[in-house]
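Working notes, beginning with the structure itself.
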């Protein structure tokens, strides 16, 4: 079961991830990301981390994906037109990404990790204890970071200058020209 | 007062005067008071010198006092001070007398100058006298060099006194440059002497080789200062200065310094026969060459200028012949009669407002005292027996007997004839004959002009009789004997005068004057130097300037340019696109991982 | 007065700090405060000279404050004989420089402030006895120049040409920004070399200290010495205008305002030569002797080449600037002789040239301020309208060409004598030739500017020297003559220092010196 | 299911994310790709935590999740800003630093 389950989950994760980076429709890409994250949650569950799986579903799928969708919605200029995700330089990116994978796989294959269990697998209770004892300071610092991030995000998006700065006329054309200039 | 104190007073009195006039500029700007202050300073200097000379006649010994001037490792590297002996004391008096006469003469001569210029003129005169005194009392070659250069400076300033005139400005810098060029020889000589003996004494013991080098280098400076061929070209141009300045320059100071140097450094030159041989020839050539050019000059001052060149040639030849005393003696008598001649010429110019011999004529009817002065000076210069110039010139010629295969002797005899001939020409053209138009209203200047003339007439005539005494002072041998040379010299002098009367008395032209005039106008030496200056110095300079601006600095600019251009091309790597940077991160990770794997 | 040196160094800096508190509108107060700061320093340097015991020699008036003791850095101040002479020079130049810039119109507060900071650095270099502090002061002295030239300078055109014509597309050669940038960059590259040399010395001293006295007593391994000396030579040499790193000097001096030119050519360039002498020659004597012939040869190029370049210039300031290159060559030649006559001459030439070039730039500034041109061809007959300027200019010319009776002669003569007596006697020949070429170009310039018929038109009404403008010509001019006639006023100090440092030299030099 | 397989899965996810970052021209898909890469890291943490035992691995994932959320918040804010300035979310427009 374990091997089969892992294979299925891995297929889901990687397959949906490919859709995330290749999807032409932005909304689709976000939704595919949701699938990836759900798959990851399933993987966590297989790795004996049910708490993580729950958090993953709640924050990521519930929070981040929603946020992303809002982001896409807000920044679309023309209602009704499918949000299109433009991409460039697919060939060289593919080459280097594959290289990255091959190299990492090579490393894993040449030096197979040998790890022996030193402790029993942590339960949710263990996690709670660790968070509030050993990692308390890091936990609090993290909460501070979140606060700062929220405040920062609000400050950033607060409207100060209602006028968008003057962009060159015929902007999409300009953009295309620009893109063709920098990407051979 | 001790002799040393007196000598210091004699040297520094004019310096104090100059300083006073420089600092108290209202005094200088007034004009006339400056003249009186200067005269006072010169008089004090002369009085101290005379007192010293009188004491010496009374049997006072040589004196020498020095103080450290430049130090090196706690010891004196160079000293300054005074040396009083048979060479410096007579020279000090000669310089003092001539300078005082010239300054007195200038009071009237320069009377029309604006007060400021008048004051400046006298300040420079005081400085001039100081500089020359520094040369005269110098106890070593370094101080002599210092004074020598200061003399050059003051000559420069005085020749360029009418600085508004471009020709005067040109003449001034030309004089300075030519002498400065030659002075490099002096400096090198000093360095060679210093390296080999560790001192600047002219008596320092040294080898013949060193002595030859040093004396040859010093002689280069003498050629420049004493206007010998081929560095004489500045002297005729120096006539751009006021006439009294020429008198001072030509008689007792500037040009005399060169001859004085050789007399002073005689111990050094005595060890260098090779240098003396060169001196002999250069002196002889200059004497004849300059005498020939003097024959065709239209400007009365230029005649006298070339005659100075020629007479200095005599002195240098005598020094080259190894008879320092003959050169010194001629220097002394020449100082008097040349000063007299120049001042008389100044008086003439003052009267007719022109330098041109063609504007003069019959002046003896209007200017009796000046005429007398000029006649005495001319006869003395021509070497007519009985006059001062005869004795010294005779001594020079005697010294040359049998030297250098006899040729220099013949040349100088010829020059003696030419001297009498051209002086006769000037006398006849300026003072005899019909009264010219410009001379119509000529009249003698005041007492301050005629006074110096009268005073200078005496030694111009009589100083020749002091030869024996002077020889005793410098411990040289001197006898007046009736031999071939004195007779020939006298004959040449008289013949020259007679020939002048014969040729110019009827308004004729000297034979060969055409060629000489051509030669003078062509002025080959002058042009050679001008070309050397323009092509050699300025040409090389502009090449150097171009190289510095466009090659050396260009290379520096190129460095900066490459930095900027290199930066500009490196900037293309920065696309500013996030995905490119991300890709680079990936590439970096791949490379790093590969390095880890393949190790 | 145990803190005399500290006061001398700090006075300009304190004055600069006071200036910060003065409003920019209080123009008189700004000038007075600057003048007071400069004068205190000047009086301090005179007092230093009075207190310095010439019989004893060595370092005196020691004053020490710890800075970073853990790295062996102390603010250790003391003077030797060279320092005394150069302190006096700096004092004279800054006082006259402040007076000469009385009429600065633009941003005068900042101008005086930078001037004072700069001069505090200069004073510091001459008395610092700790290599690190030495370098620190050196940088303080060098850097304000960028602003001083970049803001208050003047621009001119340099026609494009030569094999590197294309660079004109990138920078405006001849503009003040270009001059300031070139000067700063070239000097900073030099500083980088010095920094490397400094840490080499620090690392190999064994004592982990920057104390110059300790370093003097250390015998460095010869390969370290051979690394350090060229770095020091070219590093400091770039400030001393050593060929071919002199090209910042003509453009920089031509663009700089009067007082800055005075200070830069008068004092700052001396820092470079002083560094070579004090750090290079004294700390790494073995390598110094090996390198001396090369240093001398380059110095000789400087003398003659600088003089020839000056002779080809048509811009008055360029002539004076190139003459500085030439005269700094004389200084470096003296440094390279490694004997007492040469070193005395080198330090004396630093003072003589400092005063002379200060005078030059002050007068050139005066002429430029009135005539609004520096092109010699446009001038002529100025002696009719500004006789005082003409007189002092002539005096500066005379010192420049080494006329006896001026300080220039004493200095050049000692250098040439030292060179003739040193290992390469032939150096003296181009040196003396350079002096002759100097005579040609300075007198040619003098004649072209001041002599000739009285000027017509706009130049007919030029004014002569006015009020505070008198200070520079009067003080500097008379010093030139005083030091020319009585060199022992300074030479007594200089000689005792040269003696002290020379006795430390290895046997080779001593044998070579021998008995004169 | 071995640790090596988990690492391979994470590597593949990371490579896919890198591919996305390197190709996407707009801000939101770029953020999505970044999320993929972060997720890969999280998977590694969780796997090591699983095979090693103890709470550390899971704790790190939790922290990383929180940080990712913060990053998404700020990232989206920046996207908003870019949109306001340029009227588009193409990141190429936000390359002023280059000039």
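Chains here go by letter, A, B, C and D, matching the order in which they are written, and residues are numbered from 1 within each.
Here, a residue touches a chain if its C-beta (ideal position, glycine included) is under 8 Å from a C-beta of that chain, and two chains touch if they have at least 3 such contacts.
Since we're looking at a predicted model, the values are computed, not measured.
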| item | value |
| --- | --- |
| Of all other chains, the one whose Cα centre sits farthest from subunit A | B |
| Nearest-to-centre chain - CA centroid comparison | C |
| Separation of subunit A from subunit C, taking each centre as the mean of its C-alpha atoms, in whole Å | 66 |
| Interchain centroid distance [CA atoms averaged], subunit C/subunit D, Å | 62 |
| Centre-of-Cα separation between subunit B and subunit A, whole angstrom | 98 |
| Between subunit B and subunit D, centroid-to-centroid distance (C-alpha), Å | 95 |
| Of all residues in subunit B, the ones touching two or more other chains | 575, 577, 579-580, 583, 586 |
| For subunit A, residues contacting two or more additional chains | 88-89, 92-93, 96-97, 100, 104, 182 |
| Residues of subunit D touching at least two other chains | 18, 22-25, 92 |
| Complex contacts: residues of subunit A adjacent to subunit B | 88-89, 92-93, 96-97, 99-100, 103-104, 106-107, 110, 182 |
| Of subunit D, residues touching subunit B in the complex | 18, 21-25, 30, 91-92, 95-98 |
| Touching residues (chain side subunit B, partner subunit A) in the complex | 575, 577, 579-580, 583, 586-587, 589-590, 593-594, 596-597 |
| Touching residues on subunit C, where the partner in the complex is subunit B | 158, 161-164, 166-167, 170-171, 173, 181-182, 185-186, 243-244, 247-248, 250-251, 305, 308-313, 340-341, 344, 381, 383-384, 387, 394, 398, 401, 403-405, 409-410, 413-414, 416-417, 420-421, 425, 428-429, 432-433, 435-437, 439-441, 443-444, 447, 450-454, 487-488, 491-492, 495-496, 498-499, 502, 513, 515-516 |
| Subunit D-facing residues of subunit B, complex | 571, 574-580, 582-583, 585-586 |
